[in-house]
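In what comes next, chain A is part of two complexes: it sits with chain B in the first one and with chain C in the second one.
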Partner chain A sequence: MKGLQIVVLGSIVPDPLQTLEPVSGPTGPALKNELMLPAVLDPWAGHALYEAANLAKKVEGKVYLVALGPKAKLQQVMMNVAQKVPFEIVVLDGPASGFADAAETAAALAGGVEKIPGLDKSKLLVFGGWQSASRGTGAVLQMVGELLGITDQFQGVDEIAMAEDGSFTVLERIEGGSYQKSSCQGAPALLGWATGNLPEPPNNPQVGMQNMRLIMPALAKATPAPLKGEGLKYAGVELPSQRRETRVVKNAPVEDIARELADWIRA
Partner chain B sequence: MKVLFLAHTEEDGSLGKAAAEALGAAKGLGGELVIGLFGAEVQKAADSVAGCGAVKFYGVAGPEFATARYGSDAAAAEAIAKAAGAEIIVAPSTSRMSRVAAGVAQRLGAKIDTRLTGLEAVGGKITATRWFYRQRMVGKIERDARPWLVTTDTGCFAPCEAAGSASVEMLTVAPATRSQVVEIIAPAADAQTIRPDAKLLLVAGAGWGKSQADGQKHVDEAARLILGLLSATQASLGSSKSLVDQSGEGAALPFLTHMHQVGQTGSTPRHPKGLATCCHGEEPHVVGWRFVGERRAINLDANCGWAQGKADVLYVADAFAVMSKLVDLLK
Partner chain C sequence: MTDVNTSAPAGDELPEGYERQRMDVDVACVGFGPAMGGFLHTLSQGLTNEDGTPVAESKAMPGMPPQVICYERADDLGFGVSGVVTKGRGIRASFPDLDLTQIPLATEVKHEEVLYLLDPVGASRRPVLMRLADKALKIFGMARNHAFKLPYVPGFLRKEPGILLSMGQFNQWAGGQIMAQGQAQIWPGTPVAGPILSGKAVAGVRLQDQGVDKRGVPEAGFMPGMDIHSQLVVVGDGPVGAVGRKLDEQLGLPAGNHAREWAVGMKMVVDLPEGCQLKAGTVLHTLGYPEPEIFGFLYVYPGNVASLGIFVPSWFDNPVRTAYRYLQHWMQHPVLWKHLKGGRMRSWGAKSLQESGKRGEPFLAGDGFARIGEGSGTTNVLTGSGVDEAWTSGVLLGVSVLELLKADQPFTRENIEKTYVRRRQESWLEREAKIAEKARDGFQNGVVQGLIGMALTGLTEGKLFWPGASKKPHERIPSIESYFQGRISAEEIAAIRKDCTAKGLPLHGALMDRAGWPKVEHDGQLLVSHQDALLMGGKVQAPSGYRDHVTFKSHNVCAGCGEKVCIEACSGQAISANPEGGAPLFDREKCVHCGACLWNCSKPSPGGGESSNVDFQAGAGGLHSAEN
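Showing the complex of A and B:
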């Protein structure tokens, strides 16, 4: 199947190495210094993007990234992401917060997908991370799929194998380290990716330059997408008391450590 | 308030553990309880909870609902929810239910919150508890909108079991789908290393694949010790991103995949005890330990992450030596 349109939904999250602290903002909970925190492309959405680019290469398809997030931060992150694989971007200028409502986020994203010029649903594959690293509901993609009328959906995907005629099989993660293998007749379909099989592509400055020529104007004409959070109330958000009193055992004979651990495991 | 408990049945027609717990959560809300089940068969599962106080049972059954497939599962769940007309819908967050829950909410015009670790009704107000930013912070949510569909995490609610005989109203559903489940690819019984119900989680970190004091790597020895402990204890195996990334490239332990990864971009397993070996205990890894009870670690570095309040006990020692003795003791 040639000419697939692979639309990846993905946004930014705080760098996982950062310490996060909740504060209450004017519209509900937020992260302390949210706009100052270094951000990265949401990791599972990142895998979805690399898998999309890989598939697009094989089927002469095209990759779009539809991102809902604060425009200035998206721009920073795109400077790096743009160097990875070729794509066009649709920017929705709004919150990327984990406290935003999943349904409102989905509605904004579905609107963004519909705006892609020349969108042909018979050739559409919607990709994204199966859960975000912010809200982590695993809900947004399914709702976008429903809004776009896509009822062949897969979640926790680690592999897609596409045949000449556009039909494909997918492997989805299920319980206990097993996979469920399904076949689908072809687009339109939606895939929420887990880690996939591809390493992060190395930076390619040439791809970066090409991408940025389209990304900068797309950022400039970003569609405002404020989310209202209607009917959603937070009674509180807090950090768990997670510090333990660690007993550090040094210079103990190996036999003693092994015996102590064996007793603990058996207890 | 009408509460619908919504779940799929298992391959053998029974109600799974996660579903029984979600039913416990639904019942805990104290409204008028309705039960909706879908799968190849539903009668056995309905009978297993017939005495739970539900006023009505709905079912969708047949061979086209035997497997976990979006098109058929969403259609079945939608039909049940529409027939029940409940304000609150509670479902388990199994992989099968999680694949369709939000799509079903969208069809119903419902709001959705997933993977709740707490759900309670006090004075007519329902409060849901869930975690944000990959288990880094916990929040309590209230919503005005109804219907409100929630999924509950396992290990957080007491299961409801109340056998009897239930009379189930069967609904007819014609799913539209262009997909088929082909097969389940499960690791062979003796190669099964991810065991969600195990008492112990053993985490193997990248240190197992690094050069040791003698300047050499001992990957075969590492594999033997790790598999030895797993077989002696029936523990579940987890790993760090660094090690599974290496394994994916064929450099390290052959039995590790990305599904073993615990942490920010991995899993968040629930086990009463966890033992980390040759793993540094960095924050993106340790957020995956949020729901692991007692934690111990073996690491050569007395200043590793585990020492900073992330474990109950850190043994500063060579994991190769300790594990070798430990496997002998537990055999």
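Showing the complex of A and C:
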């Protein structure tokens, strides 16, 4: 099927290995020094974006990234992401702390999707992460689908195979390390991606330059999306206690690693 | 064992079916630091006329405004390390309405002290004059907490009125300002392999190959590094940058110049303990401990946060000069520890500093290229400042490039010399660099001579100095046996070497223990293992698909090397002893890209010249902290 519109929902999360410390902010829980923490595209959304680009290439479709986050941070992260695959961006300038209300977040994202010029829901596939690294509820993606009137939803997707007539099959992860294979007659549909099967694409300067011609203007006219969080209350926010005992051991047998983990859990 | 570097050749040969892509731009920039910030900010501001039309047309893409691209090796802007105290003259000139509250961690300098640190543990190797001074200070009761506060801060060192900055946060802020103007694109995570040379002219840059194994051999997903052709290449990749060093190799340095003086700066950002008495805006400079050659600093940011660290110079003739352990001993000096105890490491990292200053200045311009920043010799070695100087060099080039673009003049050596080099020679940057040029020569003879020399130069504005002949870094480094002579026997050193090599460990831990340095008791917060510093502080990461950027030119030379300073001085423990002999092992996942291995090698390059047996390329990854 040609001309698919694949909309990826994805935002930023703190770069791995950063020290996260919850604090109370004026609008509720927040992360200490959040604006100073380096950020990356949520890895789950990243998988969805790379799968979207791969599919778009096959079906001559177009990829949009609808991102809700602080504009300045999004601009910075896009300088990395934009080199990976071609896409257009819709920027919603709002929080990405993971402490926002899921329904409010979903409404903002659905609004962002609706505003894409020339949106044709009969050709719409909404992609996103099955999970999120932003301490999210894991419910946002489904809600966005519902708000957009998309009833065909798949979660934990690792593969999509599209036929010429626009119908497709997906492999969804289910219990026991197995896959459930489903068939769908076609768009509109929503896919929450697990890891997919694609490696992270290399940085391609030409793709980057091409993307930035549209990304910078999109950032300049970002839609404000202040999530008020009214009616949402956090009884408490804390990090799980951790014990750090770093050793770097390479090529350790898996049996040894498993034994050590089991001993640690027992202790 | 074969005496070859096993890395794939960096040539034009590509596997069948692959083609090296090419892209054309007008200005290709390498490395995003303060110098490039100054350049891109200045250029961006001037590229558009008042009516919104571009001041010049792109030659690479006719009909478009000039295409300006900057490639940064690190995975994001500002991933690096440095607390900075600066007078900020150049920065303030670029931002007349500068509001420090908009830059996280920035504040005004409010109080400055210089502390001479005595040795509280008795392990420091102090020259006789220093020992006598220490005794006198104790006898006359002038040392409190084993430290003597200098009655005044010499004018040449004083930064007040000035600005305290986190280099990472400043770079991120400056990068955001530049990108928001939309005239230049800054691409992090894109290491540049080297310049595209045509004789002495530079025609562009080549990016590093992706999808290769550690030896550079193509794997699945191979993508040859793209050739970026440009009218002008702006080289601001710092003192260990691949493009700047390649140009130095090819063109040499102007007669009489050399870039032999270095230091590794190892630094932390610390959440100070509650109730800490240090006030935001405080600046402490230290000298004398843990070794007389090691200088330290502590800057207090707003929010009870401090940036602190030490500099370990190339003229500290210790073949086991580990910055990490010395940093831990320095922090525990009583005059500092009373403020730091109970604090928590927030960020950590290391960086090589080019300390040759004006004397290390390369050819600033050539056909198709211009040099700015630290790698172009901007650091003032008398005042110990480099960020504002680097920024200013970028501003001067920015103004010059605009002039040439508007006049539709090509970026020839002659034109860049007539504009940028002339402006630089007429600026305060050059005037002050000339005063400072010989300030540190005395350190070639010893630390006391060096300190006297700096004072002489500073107080006479460059008229007097203590002379000293410079040596290549690898010519200075003595054997371990010679350095510890009279303290540890050759037999004991041999036993320690054998034991540590078998375990894949550096020697400095055992040798410093044996030389009387106390064990460092880890508190899990501030005093942590070196590996924990990588994870907790540096958040060090390395993306896959890139070749090892540290290699050894001759493995036979490594096999015969008794010092292996590369291992001892490695800031991230990324270089380790090879129990099987030969060249040391390199682990890219631990490298912080400080480049210390480049000048901490005690063996000359088999190919001759100024360089050592270590080859250091631009690679992806490294520190993932921007708070420094």
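In the analysis below, the second predicted complex is superposed on the first by the 242 of 267 C-alpha atoms of A that agree within 3 Å, B and C clash if a C-alpha of one lies under 4 Å from a C-alpha of the other, contacts with A are read in each partner's own complex, and residues count from 1 in each chain.
The criterion applied here is as follows: a residue touches a chain if its C-beta (ideal position, glycine included) is under 8 Å from a C-beta of that chain, and two chains touch if they have at least 3 such contacts.
Everything numeric here is computed off the predicted structure, so don't read it as measured data.
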Discussion item. Under the stated touch criterion, which partner chain does A:Gly128 make contact with: chain B (first), chain C (second), both, or neither?
Written reply: neither
Discussion item. After the superposition on A, what does A:Pro16 contact: first (chain B), second (chain C), both or neither?
Written reply: both
Practice prompt. Have a look and say if chain B or chain C is in touch with more residues of chain A.
Written response: B
Discussion item. Under the stated touch criterion, which partner chain does A:Gly136 make contact with: chain B (first), chain C (second), both, or neither?
Written reply: first
Worksheet item: For A:Gly69, is the partner it touches chain B (first), chain C (second), both, or none of the two (neither)?
Response: neither
Practice prompt. Identify the partner contact of A:Gly156: answer first if only chain B is touched, second if only chain C is, both if each is, neither if none is.
Written response: first
Worksheet item: Common interface residues of chain A with chain B and chain C?
Response: 16-17, 19, 199, 244, 246-248
Worksheet entry | Residue numbers on chain C that touch chain A, as the complex places them | 21, 23, 67, 69, 71, 75-77, 79, 104-105, 169, 172, 175-176, 179-180, 182, 185-190, 207, 210-211, 220-221, 223, 226, 228, 346, 524, 529, 531-532, 535-536, 539-541, 543, 545, 590, 624-627
Fill in: Contact set on chain B toward chain A in their complex
67-71, 74, 94-96, 98-103, 105-107, 111-115, 127, 131-134, 136-145, 176-187, 192-196, 200, 233, 245, 248-249, 257-261, 264-265, 273, 275, 282-284, 287, 290, 294-296, 298, 302, 306-318, 321-322, 325-326, 328-330
Response to the item:
In the complex, chain A touches chain B at residues 13-14, 16-17, 19-20, 22, 29, 31, 43-44, 98-99, 101-103, 106, 133-143, 145-147, 151-156, 158, 169, 171-186, 189, 194-195, 197, 199, 230-240, 242-252, 254-255, 257-259, 261-262, 264-266
Discussion item. Per the contact definition, I'd like the list of chain A residues that touch chain C in the complex.
Written reply: 15-19, 33, 35-36, 38, 72, 75-76, 79-80, 83, 199-200, 202-206, 208-209, 212, 216, 220, 244, 246-248
